[in-house]
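In what comes next, chain A is part of two complexes: it sits with chain B in the first one and with chain C in the second one.
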Partner chain A sequence: MIEQSRGPPLPAPPYHARMAAATPARSPAATHSYTEADIASVRLMVGLEVHVELATRTKMFSRSPNVAHKEFDGAEPNTLIDPVVLGLPGALPVMNKAAVEMSMMVGMALGCSIAPFTRWDRKSYYYPDLPKNYQISQYQLPLCFDGSVEMPVPAGGGGGGASAPDLPRRIGIIRAHLEEDAGKLLHEAPGVMGGGGGGRPIDFSLVDLNRAGTPLLEIVTQPDFSSADDVVLFAQHLRNICRFLGATEGVMQKGHMRFEPNINTIITLSDGRLAKTPIIEIKNLNSFKALRGAIEFELADQPRRWLADGREMGAGTKFTRGWDDQAMRTMIQREKEDAHDYRYFPEPDLLPVTVDDTWREEVRARIPELPSSRLARYRHDFNLGHKEAAALVDERDVCFFYERCVAEAQALGVDYPRAGKQAANMVLQSGAKRANERAVLASELGITPAQIAAIIKLREDDTLTSTSADELFGLLCEPGQSGIDAAQLATTRGMMTVRDEGALEKWVDQAIAENAKVADDVRSGKVAAAGRLVGVVMKLSGGTADAKVVREKVLAKLGQPIR
Partner chain B sequence: MPDALPPDAVRKVARLSRLALAEEQVARYGEQLSAVLGYVERLRELDLEGVEPMSNPLDETNRLDADTPGGTIPGATFMRMAPEALPPFLKVPKVLGDGGA
Partner chain C sequence: MILAAARSDKERAAFVCSPADGPQLRFGDMHPPLPTVTELRDAISHKRMSAVEATREALDRATAINPRLNIFLELFPDRAIEQARAVDRAIAGGQPAGPLGGVPIALKDNMCLGSPALDYGKTTCGSKILAEYRSPYTCTAAARLMEAGAVIIGKCNMDEFAMGSSGEHSAFGPTRNPWDPERVPGGSSSGSAAAVAAGIVPASLGSDTGGSIRQPAGLCNIVGMKPTYGRVSRYGLVAFASSLDQIGPFTRTVADCAAMLNVLCGHDPHDSTSAQRPPEDFGAELERGVEGLTIGVPRQAKSEANHPSVAGAVERAVKVYEGLGARAVEVDLPHTPHGIAAYYIINPAEASSNLARFDGIRYGHRAKLAPREDLEDLYSKSRAEGFGREVQRRIMLGTHVLSSGYYDAYYTTALKVRRKIKGDYDAAFEQGCHALLMPSSPTPAFKIGEKMNDPLAMYLEDVYTVGVNLAGLPGIVIPGGFGTVDGRELPVGMQLVGPAFDESRLLRIARMLERETGFGARMAVG
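Moving on to the complex of A and B:
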């Protein structure tokens, strides 16, 4: 009778449930006599759970402002609260429509089906960051399920030239469900206490409930990963998708995305036997570095632990570990008693949500072109390499800025493929260089897409050298230059390429006269030496001469064929 | 009257609910909980083949709010409501370990 009273099975994600059911438990004693020398190979198997804080303006179940929206970022602790967030008696939750729609968008972008009928469940546990003593989540009927994502992976794993095709890798998505976040606990003195001096140990804990009730989308993948690289690539890809959709700010340092990999290894022994190590779930990783570190540590350590204790995967052998960012290792966590006995039951205070075809398609129509599709388009239409195209879609704001540059250049009459190629050069070279120096995004330098388009047009018309183009780009990044006409500035600064034959002749003659020895070298057939003379002319011209024309002139004057 | 819920099961439920029970309560609650569960057990007498589980007694669905910020409780008011505070934070006994979310 006790068993019957427990209701639905405990909330092990499908991965664990399936894996645990597939293999009977093995006794934890080291029942083998294998040593490290018997291990022929080790295969890694990882499934990933990702928590994404949605960037709605208000919380999941009340209209208190949401700290994960940039409008309310940095609010004083315990000010984004209302009776629902605090779980005060009589307060009732009302669902945020925007949170449901954002989740649908993410789900559809991940190739998921959207449940026509979905409802909410209570997950009960006691913790000071959870005012109601239960979390409203989706247990049995998630909003999104059964999807898959294709990650663009460069051919050959590395740089990948313009011609090498991208090989997509498919990752299965089990589900994506909505829930509410908990508040934040502080275990050491925060900086605000006594003006700075944060980090001191305290013998109590502090609670900030600003984050309590923030909409949280939990995405669970199939155990389709076989390397830490792929997991990190997926995590970055997912962050990028969510940011393009406007579903999250995705600031890792602020905990907008948290990862929980489920890791185990399959050991092939020299006698042909296979041993599967128990699944380890690493809690709450909030950087790509920690995610990679935790997986790499487990890949190395699980076979060692298996050699020592003989423990293998099976029912009741799943463990939770934490990550130590300083020591770069995982460690056993003190688990709460019966942490998994959450006693789920249907949430009586919320009505179910039904999604009909009309609503679903209306939301689908709002999904913008996703980064992977943009990447493929840039590669194909603009003949960019994987690395360049990937750099352009890496940051949403830079990507949108880049596309505005392309559109503005087209408006000035530049061909679409040329506009795409030249804008990529501008943003990734002149832009990225200065963005790095100033620690801002290439879209935040002050120069406008219209100005970049004007530079592209001057380059296409062959009236600006690449050196001058970069210099002009720099000038337009200076404060107060946003209204300045790029072509006019180039003219007043004398940056336009000099086409004046007379001036060119004079510079070339001067260069030859002042470098008689080099000129003789060129005359005697050392054509490479001509580069030095070209350099002198470029200097004399203040960078306004066209290097290609100058080279031709130098070679002609010194009686060498133009190659 | 079904058998009383075993003491260990009662203690487990109490622990999950953060309730401290005296020994005599464990025995008494074991009997009471059994009676409650036994009552629910009567559902098994019904033929529920093909009956959809009820998610909510109301037929309505999709009560959704627009994403527009509304009122909040001032931080100072909240601090006054709390048993202990170290403004702007609530103060609680030292917590070790990880949250359950």
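Moving on to the complex of A and C:
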């Protein structure tokens, strides 16, 4: 359509190839009148479009603050605006370089090539949330193209994908291009400050243009998914990568990431014939639950619809459906499909973007270590299991918190592998347990990396038992404890391991005296019973005794060899 | 008011008595020459005259002349006098008045003027759809003028959204040519050209997308320049065809044109397409002469369609240059015949997109809806009621040429032609031409109503100007002489086109023709 002068080979628009290859729609189902019993198997095929709101300080083409940046989150409606955002007469867009660099980073993390020459196009359509009535986007020359991502092995193992979970699977990335987001329309009365009064029906619509002009990265995958699980796993992985890169806050409830799966099924019939159902695009899903639900619904419903109407994939048979979060089903949207002619043409108000090697490599050098690489490092350096390592990289904030704990512990003299291992234990056990209870992240409990490092150090010095360590961790999570010295608190609370031989002797003697039957069992060779006596001693000591030392003492007293 | 007039002997001669082969003076010959930008600025800064006096005089003339010629859509007397007082105060306080200190200037009404605090009236673009629109911000070009001390006295009439070559497509009635009120002043910068030609202001700003500064300058016997694309920020200029639009000045002399460019040009962070160039003094070499330079005369400029006075003006200019020691050569711009076609695809395509924002939702005219009418009705009714015929014609053309199935045949082809046309100009400059000489339009001013029902005839007014916009080059028009039409003496313009960013030399070449012919000294005032 648009003449291509320079740059990389033109990536096909999503599904173009699939559509073109398909035979025109016909209705064999109707003519042959198949029934459910004739369906031998159904294979799912999904490609994903993901819209990521970038967390730059300012908007894509103006200096107005960006609502997707955490500092401007929740701004009053229509306060993050200027002549450019409002599309006032005479206003001109100016490209935000930071947004381009962020997109390059995401593209590189997804294994994409970065276009040496790219430009902006106008996409025309009328809608009240689109101030200029065209969106500045990238049509023919996307900034990033031709990548692939290795599917992560889920933390829980398995994963339920159609392919074997242990084999790495690659998802092709067709392209990732930048554009500007639209504003928001409200069709019911908004709540007054602090809620209240919202939801009242109104006979007009309201427009909030705070989101208009937010940089939006649209990532389009190949139709490489064959299960809803895979799609969700990929989507979560993608969110995680983007968050590690600092490219988005990735708060799903705020629409920082929106998904549009393109779904169809390939039906194998008992007579050997294959039928491909039309591609259905589900618009604007903003939760993983909705993403999974929509795909699962379509997988079940498309063969039913095919049996009923016989419609198959072919040119001009792509449909759009919406998702009903309550009913958990997709439905036809009231939209004129064929009315869309976006009349793309090159944006004359912006210069093309030339990415030379220097710029590209300079941006590449700023890419932080990605979750997959961190996972491998944790397994190798800290001897963590896959599950533990995966849990640590699952959430950016927790991961960064964990790494600060490791660094602080190293600073206290704990050697690197031990620091990594112990910090993992702290974060994944003492931390995760409490985080679950409070429904926050392990990094948000109030305890600081320095305090965790101090606990690790006490453990490494054998001056704190694991029980006390966990208790101390809990104490430091209480409000107002962030400035407290962990070692001091352990001392004042009497948590330090008791090394006083006299006291230990006394507790051991007491335990034996009060549990004569158990002591006899141990004397007669039932060494396992010693554990109960150790437990009694630990109780008597208030958890401050070192269980290993106590066990040795008990066994010695009862004339048993120490093993 | 007696001012030191820095005019050449020939210019004086042209004013005092007509050259033998020149026209019989009929208009303005009894009027002393009005001061130029530089004369006014010097008089004000040396306190021979106050900025307030200069501003009052401009406002008075505007008020007196406007009922007859419909030049101004709005005047801001209070704001202008206030601005002039500030200039006078600065001068009284010993501060520099700025390169345009106290000079009254008018703007085409497609340039945004205003701030949340200061009301500078409306920015209508000559359209009903923006009839009540007030801009909350000021365009960069006007801001630069004001920073240089200029006093903005008002906003000028224009063809709606700058679409037109006669000024007749304004929703607020046509502007009349000061040389003959029955005739058009040209367009689309009709009011801006007439304001200078009628002696109201010594300078004004227009915008030029396909000739909208140069054609009216020629029809009004003044100097008008479209700088190289990217020289002047387009921020705050209501966009018509973004890849072609460029703001430029109307003045009565080439020196004033240079003085205006000195203020207007420069990079603007609000406009990505504005050029990053080292600062220049465009007036520094004006009097250096043209000896040894080569002036190309395109074969295509000698069209049969040219009025004899236009053809004669070209021949006269060639003789002048040869007399000054320059070499005149014929050059070929073979793709010129396709220029109008390509222009009238690219221009409506961009316009259809740029004008999409005028939908009645956020600002501008909003239609009243009948019960059961919906959003689409709101869009289509608001636009149908708000836009005039020519604007609707271009929106439809542009929408069509960009629609799928037609894009390649029209838009892609037009872009190829555009590259070819640029190639023609580049080749001429590579052959050694320092400037190309051609008319600004084929005929002197035509009568109001003459071409209103023939859009193609109107579009052909731009035959000598659109190529320059398509190629992004600087073009200047200066008074080229006079011709007789229906017994009336009417001015014709002479256009000079230079390589990109070569304004300094182009101005110098234009200045030599001005100095030798002096046609610009005649004014349509009386």
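Note that in this section the second predicted complex is superposed on the first by the 502 of 563 C-alpha atoms of A that agree within 3 Å, B and C clash if a C-alpha of one lies under 4 Å from a C-alpha of the other, contacts with A are read in each partner's own complex, and residues count from 1 in each chain.
By our rule, a contact is a pair of C-beta atoms (placed from the backbone, for glycine too) under 8 Å apart; a residue touches a chain by one contact, two chains touch by 3 or more.
The model shown is predicted, which means the values in this text are computed figures rather than measured ones.
**Q** Please work out whether A:P65 is in contact with chain B alone, chain C alone, both, or neither, and reply first, second, both or neither.
**A** Only chain B; A:P65 stays clear of chain C.
**Q** By the touch definition at the top of the document, which applies to A:N78: first (chain B), second (chain C), both, or neither?
**A** Touch status of A:N78: first partner only.
**Q** Applying the touch criterion given at the start, work out whether A:D181 contacts chain B, chain C, both or neither, answering first, second, both or neither.
**A** Only chain B is touched by A:D181; chain C is not.
**Q** Looking at A:Y134, would you say it contacts chain B, chain C, both, or neither? Reply first, second, both or neither.
**A** Second partner only.
**Q** Between chain B (first) and chain C (second), which does A:Y126 come into contact with in this model arrangement: first, second, both, or neither?
**A** Both partners, chain B and chain C.
**Q** Count the residues of chain A touched by chain B and by chain C, then name the partner with the higher count.
**A** Of chain B and chain C, the partner in contact with more residues of chain A is B.
**Q** Does chain B (first) or chain C (second) touch A:L86, or do both, or does neither?
**A** Both partners, chain B and chain C.
**Q** Could you say whether A:M95 touches chain B, chain C, both of them, or neither, answering first, second, both or neither?
**A** both
**Q** Examine A:L351 and indicate which partner it touches, taking first as chain B and second as chain C; both and neither are also allowed.
**A** After superposition on chain A, A:L351 lies in contact with both partners, chain B and chain C.
**Q** Have a look at where A:D341 lands relative to chain B and chain C in the superposition and call it first, second, both or neither.
**A** After superposing on A, A:D341 lies in contact with both chain B and chain C.
**Q** Is there a shared patch on chain A that both chain B and chain C touch, and which residues make it up?
**A** 1-2, 83, 86, 94-95, 124, 126, 128, 207, 341, 343, 348, 350-351
**Q** Give every residue of chain B touching chain A within the complex, in rising order.
**A** 2-3, 5-6, 9, 12, 15-18, 34, 37-38, 40-41, 55-56, 58, 60-75, 78-79, 86, 88-101
**Q** For the complex, give me every residue of chain A touching chain B.
**A** 1-2, 4-5, 56-58, 62-65, 76-83, 86, 94-100, 119, 123-130, 135, 179, 181-182, 185-187, 190, 192-193, 202-209, 283-284, 322, 333-339, 341-343, 346, 348, 350-354
**Q** Under the stated contact criterion, what part of chain A meets chain C in this complex?
**A** Residue positions touching the partner: 1-3, 83, 86-95, 122, 124, 126, 128, 131-134, 207, 341, 343-345, 348-351.
**Q** Within their complex, state which residues of chain C touch chain A.
**A** Touch list, chain C to chain A: 111-112, 123, 125, 130, 133, 135-137, 139, 234-239, 241-243, 269-273, 349-350, 353, 356-359, 361-363, 375-376, 379, 399, 402-404, 407-408, 411-412, 415-416.
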